[in-house]
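Structure provided below as structure tokens; questions to follow.
For clarity, chains are labelled A, B, C, D and E in written order, and residue numbers in each chain start from 1.
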Amino acid sequence: MKKELLIKEKQAKRTNPLAHVFDDFIDFCQSKSLFMLHYCTGCGAIELPPAMTSRFDMERLGIQPMVTPRQADILLVTGYVSVKTLKRVILTYEQMQAPKYVIGICSCTVNGGMYWQSYATAKKLNDYMPVDVYIAGCMPRPEAVLEGLQRLKENIKNDRKQQKGSAWKEYFANYDTYLGNQQHLFGDDWQTPVDIIAEAKLYGLEGEGTYGKNTEKLAKVQQPLLPQEMKL
Amino acid sequence: MKKINYNDKGSILNPLKNLQFFARKPITEKLEPRPASASYRGFHINDMDKCIGCSSCQKICDNAAITMVEIPSIKEDAAKGIRNLRPAIDYGRCCWCALCVDICPTSAIELSREYVHVCDGDETDSYFVLPQENGIHGLNFEKGWTKTEDSDLLDRKRRPMGEMEPEERIDNFNEIVDGFTLQMAVEEASRCVDCGLCEDACPAHMHAPNYIRSIYEGNLEQAVEWMYETNPFSHVCGRVCTHICEDACSLGRADKDGNKSSQPIAIRWLKRFAMDGVSKTKIKQIAKKGMARKKSGKSIAIIGAGPAGLTTAFDLVKKGHKVTVYEALPKAGGMTRYGIPNYRLPEDRLDQDIEVIQSVGVEIKYNVRVGIDISMKQLEKDNDAVVVAIGLQNGRSTRVAGSDNKAVVKAVDLLRMIPKGDKFEVPKSAVVIGGGNVAMDIARSLARLQKQQFKKVNVTVSALEALGTTFLADDEEVKESLEEGIVILDSRGPRECVIDKTGKLESLHTVKVESIFDEQGRFAPKYDESDSQFHPCDMVVEAIGQMSDVPILGDELTEELEWNRGRMQVDENGATSVNWLWSAGDMVKGPDVINAVADGHRVANDIDKYLK
Amino acid sequence: MNGLHILSELLLMPLIAFVVGLMMVLMMRKISARIQRRIGPPFFQPIYDIVKLYGKDTQISHGLIHDIGIIMAVGGYIGAEILLPVPGMEGIADKGGIITLSYFLMIPSLGMALGVGQCANPNGSIGISRALTSMLAYDVPFIIVVFGAAWHYQSTSLVGMIEYQQMNSWGIVEMPFLATAGLFALQGMLGKQPFEIYIAPAEIATGPMVEMSGKYMGGLFVMQTFQLYTAGVLYASLFLGGGESWLSLLPKAFLVVAIPMSIAFMFPRYKTEDVIRILWKWPVMLALIGLAFIL
Amino acid sequence: MNDLNNKLNDILSRVNGIKITHKRNRRVRVDVPADSLTTLLELIKGQASYVHLSAITCVDWIKDNEFELVYHVWSYEENCLISAHTRIDRDEAKFVSVYDLYKPADFFERDIYEMYGVFFIGSPRMEKFILTEWHGMPPMRKDFDSEAYVQETFNWTEYNPDWLQELTDQGGGIAIKPEDIRLSGCLHNMATHRQRDKLKATQKVGKGWKS
Amino acid sequence: MRPENYQAVQLGESNEYEIFIGPNHPGIEGNYALKLVLDGDIVVKGTTDAGYLHRGFEKLMEGRLWIQNLAIVPRICVPDPAPMEVSYSLAVEEIMGIEAPIRAQWIRVMQLELSRVAAHLFTFGGHAATTGMYTPMYWGVADRDLVLDLFEDFTGGRVYSIYNIPGGVRRELPNGFLEKLSNLLDYLESRQNDYDNLLFTNQIFVQRAKGVGILSKEDALDYGVTGPNLRACGLAFDVRRDDPYLVYDQLDFDIPTQQAGDAWARILVRRDELFQSIRILRQVIEKLPTIKGPIRTPIPNPLSWNVRAGEAYARVESSKGELAYYVVSDGGDKPYRVHVRGPSSMHAVQTLEYLAKGARLEDVAQIMFSLDACPPEVDR
């Protein structure tokens, strides 16, 4: 439902018929070229090196690892995320530039996995950020990872047609919910260096759920971000 | 191996040798998922027919990934131990350790070689799967990790029960079975997967898993406590129960190839062990638990101090009512005393059960024959409710020619005489007609008497049913009988008791049975008349069933009641069509201690409800 | 030569450079794949990457200087392209000559330094300081080589050099030492192992690129295509006789680029001081010997 | 081997209140009172070459209201592992650090400090390390119930696939959730009709644990 | 409260500044972080920040049945899971007073050594990648994958075998397995030249690795360093030989050592160990067919399996060093306490901090990888 609204909004902006062709081309290229953030959040990361390297060669799908969140398109959450990691994962996610995709690998990202009784791990990834594709397994084999990535590529290519592959917009549109869940876990003074609301305003990605009581809470504690000078 | 020294500097040109890889082929695999190895642990498959819903997989699952789902379209069968529960797996928890496979008592759940499942962010529902034969996506992948003999986590073999050797036991009525030692009992108890199929199968719903667990923990008192929650005849049941529970036991299932190498838990023997291990006084304390504090002031009369009657009495007393039991014979116990030989159920054990029941406040009046010493009318007047639990004391007759001869006796009558100590002439040779446990009991009792008197056993059992397949008596009974020198002639129907001119029984004439039931499943034996045999004997014992002695009710009451084929018509709670009268036990439910006990509970509950 | 012609050449030359550069990027990735025993990216992968990066929905900028820095980085190379004569097009090559070209080649690094400094990311800053250091390192042999070549050809114009080689023999035959030194400098210029210290993902998370995203990263990708093209064509022009036609130039350029790439995937990187030491030692020595021969 | 054992026994017997058990080849268990532990470690490190502190384990014997600290020390020369057990009071969980004897103690003591709240006097870094974002009680203590904490803090995925809806429509559906089994202790025959009826009677509305 | 990573903090007016490496950083093995105070390129102080992979294993294991823990133990060190299983099983067996059948012990040895081969192949690549050479990683991981194929064949799982069970192993080897293993060993040996050419005789790599992260023997003993890292400092200690478990005392293998104690020595030790493992595996191939018999000593029904009260400290030599499980049972159906002593808990914290101090920024990643630190062993 929300997705449809968003799509309408996006389409409304585009009046030029050629724009759609252009958009489709961009989508096509986006689906063909994905930079994957190399972040081993959990044990599933052990199957990524095989998927990336010679035996299964991810690069033939146009996917290559990147080292910083700024450069990356895909955030692979490989298994359980401890609360401590989750903070960094959210931070990382927010630092990535849209369109950005989250892939939840392993059981743990869906319902806690085998660490379901652990006090230290978060149980449901999609409470904290929208997830595009899940890959089942504990851990999934490299082939399954590749299948998952291909599914993601399909979704991105058909972004506008099937209304998939744009889960990241929900993060902006429902920021209040996600923030609420994050605050529940990290405390009310939780704040990341990225100002999501400002970004949502800037790029016109606001939705009904962007603001709410949680964002109000955030506004109270939020400290303005000072540009940092770096000297050597 | 080439040695490389720490001080080797290496060469700048060596790496360039790898330019040869321009000429070598890449080793990258094809993009499609490779087939997994033969024992791969992929997604689950479950053979819905083999699965019995025991939920062992759920218990072993370390990740709480398995939910038991009720599937109404699957028919439940408590006696066979089949539930309509099936495991559903949460792939948001599963870790593919295959412990569920290795513990599955029936090898129903297995892992396939399928390993790819991908879904979009909003399709997490697809992570919750009810595995079936064709796998998660219906793609019929080959089986991966299945249970092997090595990987089986369950202990399939029963701890062997010690028995007296045939020579040792044949000339006396001492109890045959040794009983478990503590070590054995704990080991046997540890085999239990706690599925509770036994509890569902048990007519009285005894909490078998719970007391097995308690025995495993070495807490026999706790175990007895669990037993007394549902069964005041635990000593009796620990020895002679028909153990329907063991037939339903999830461990007693045939394995993959149909072999029945897996043996059920010896629930009955465990019960026996626990009961024997706790002192009488302690049991009495335990039995008193849950007594109502307040007396209700109502009184109930129960006719017949058999298992059904006494169970009803036990329950009602505990609920605060006053109960009087009227027993025609000098001792309580009914069929358990006068129908079961001592070598299976020593009398002192039965006495103990009855003593415990009496200790909670059940009053038993012996040697009182209702209808003669006291009338039904009187009972109705003196009490708020009356229960008839007189059981089946009269044996049925085959009614073949010559069966009215005095050398043709009924098993119940004979069995009753043995513990009573009534003297009767032990026949040199006897033929028992019937293939049930009663037939075995009488045959083996006779054998013992023969051994005592003539040092020689000559008992033949002639049964309609075929050994090994349709035979009614327990396998153990058959085995022990054969050990004791009893000849069993299966698939033979009685034709005639041949009487000689002097009126003396000469032999039994039997013919071969072709089939017992007709197509509709009704009892209609077909015989092959050409195959006939004569078994010379001094006595023929008919052990083909019993019936109730209803005339004690009096004509008036008999008129008032509704009847169904010679049995009193009762509802599921044992209530008759007369509002103050209930009926329980064998006379309405068929011959079996545990059924009688179960019936007793039902009736007691219903009466309690009625009185409130 | 009318203005229009020049203008069209000015447009066309970077465009060709871009397309050829893309293929060089592809070649680089294919080479790495082959050595690493895998298949590697599809044919259009470089262009997909660049379009994707420019098509990002959100683009984070770290201020005006950051933007300008990237523009300088790309612009520097575009400037270099039009100074680089190719068959059929000379652009303003004969006016600029190789000295101007050398200066242009330094602009991108400086632009990057400017831009990355704005990111306030320590990794970026460390990276850029390393990049400038290694630029210093490879520029010394490079300048000597250029000087030597110019001395040898008696011309600072690339057009002249190419003409000279086509009339006589190739530079690599006449000045083998200088040509070898040039290859070293090329390795450094392209920032390939063992001179990759300023990228060093394992240490400083790709250094200058650490904060780059979207179109900025795209800019760097474009820059890379130009860089490869420039390096290839420049070396071919200096030592391999340039090309009379595209058919003869391109194989040379690709070959030139392929050499450092093939080497790169078999070596680790030197530390910064080793980079300077190595680059100031062997290539400079070679270059000076080469120079001595010429002089 | 016996010589070594004798020598070791000589050294060990110098410690007050020591109890020595030779568990098996290369494994010696000693029980010492808390105040002679350092003496013991000094002795075996100084005189018997037990230089390698393999681990320090803390065991929470909540019933005895005590923490047991186990120091596993290995000798590279004698190839023998001594496990020194000592018990300290649980309420006043403090002990002396052995950092000056064994540097690895830094890690283990910090770990125990975080996980059990035992303070080691003299340990260089008595601060949070792994659990920097944890504000509750030391989680490894037996009285911390991880499962209960999880129920309180986190949501679970609520599944409602088509097949389940279909079954529910037919009158079936979820009968025993894994939680039911866990909450009733691991082993209880929840699948029997008696228990299932009970379960149905007490079943909460909704599917998740929380609701 | 704001996570502090990714920001550089200048410390006062001095030239020193602080940077974070990790948790999301290619120079960090796994999910781990290092806070470095730098003066120019020199690390003044390095502080580790762990806990990103903390799952509370030890707590979880106290809440699970003895058998259920089998599934969870291999997760403690992902690149080298087999020693975890074996160690846990050995500890439980010791408490129960049973021993695995001899055939199972040989199979376990095979599993351990295969796991070691896989782990070392993985480490070479990681170590080389920190110096900017990625090809060994591509090769190493691909060759490791062939080992994983074998794991898949006989254990049913690629990475997490969950193959050991107290009392033995869960499954008999499939037909023709030893032949496959033999072929793989041949292949790995045939690759030796390639690896040597690429990595071990690569002048630049040798130059990069030599003298980095020097650990003297005394320091190593002081800091509780074990395994290949200790052997690279000159002490020939190997749990397999000096505190033998399973059937290692019947096997013939050397303990490679180096004296220098730097990154180069460490990777050389690992290289030699890889070939020692192959040697052991060859012996297993020879011996295993001659050993017939069961592969499991029966254990009670896992649902009612109370292990008698007791404790055991089971040590094995993992690819990273001395791995130990200290298991305490109070006679219940669950372990009362399980303490995992991962070798990396020593290497990745204090040793790393010690070595990072005074090192160059360029070498920090290499130091970490050369120690073969496995963060989940620290966090648990």
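The rule we apply is simple: contacts are C-beta pairs under 8 Å (C-beta built on N, C-alpha and C of every residue); 3 or more make two chains touch, one makes a residue touch a chain.
None of the values given here were measured: they were computed from a predicted structure.
Shared contact partners of subunit A and subunit B, listed by label: C, D, E. Counting steps between touching chains, the shortest path from subunit B to subunit E takes 1. At the far end from subunit C, in terms of centres built from Cα atoms, lies B.
Inter-chain contacts peak for the pair B-E, counting C-beta pairs in contact.
Chain centres here are C-alpha means, and the one lying farthest from subunit A is B. Subunit C and subunit D have CA centres that are 59 Å apart. Mean C-alpha positions place subunit D and subunit E at a centre distance of 22 Å. With each centre defined as the average position of its C-alpha atoms, the distance from subunit B to subunit D rounds to 44 Å. Spacing of subunit A relative to subunit C, judged by their CA centroids, is 35 angstrom. Counting only residues that touch two or more partner chains, subunit E has 6, 8, 25-26, 51, 54, 56, 59-60, 63, 65, 71-72, 135, 138-139, 142, 160, 198, 202, 204-205, 207, 303-304, 379. For subunit A, residues touching at least two other chains, in rising order: 53-55, 57, 60, 67-68, 84, 87, 110-112, 114, 116-120, 138, 141, 186, 228, 230. Among all residues of subunit B, those that touch two or more other chains are 15, 18, 26-28, 36, 59, 61-65, 90, 92-93, 95-96, 124, 127, 194, 213. Interfaces, counted as pairs of touching chains, are A-B, A-C, A-D, A-E, B-C, B-D, B-E, C-E, D-E.
The touching residues of subunit A, when paired with subunit B in their complex, are 54-57, 60-61, 102, 104, 107-114, 116-117, 126, 130-138, 140-141, 143-144, 146-148, 151, 155, 164, 167.
Against subunit A, the residues of subunit E that register as touching in their complex are 1-3, 5-8, 10, 23-26, 30-31, 51-56, 59-60, 63, 71-72, 75, 78-79, 122, 125, 137-139, 141-142, 144-145, 148, 158-160, 376, 379.
For subunit E in complex with subunit D, the touching residues are 49-51, 54, 56, 58-60, 62-63, 65, 94, 221-224, 226, 235, 237, 242-243, 303-304, 311, 313, 315, 322, 324, 326, 328, 333, 336-337, 339, 341, 345-346, 349-350, 378-379.
Those residues of subunit C lying in contact with subunit E across their complex are 32, 35-38, 120-123, 126, 193-194, 196-197, 200-205, 265-272, 274. Note for the complex: subunit D touches subunit E at residues 24, 26-27, 51-55, 57, 59-60, 70, 72, 74, 76, 79, 81, 83, 102-104, 106-107, 111, 115, 129-133, 139-140, 142, 144, 146-147, 186-187.
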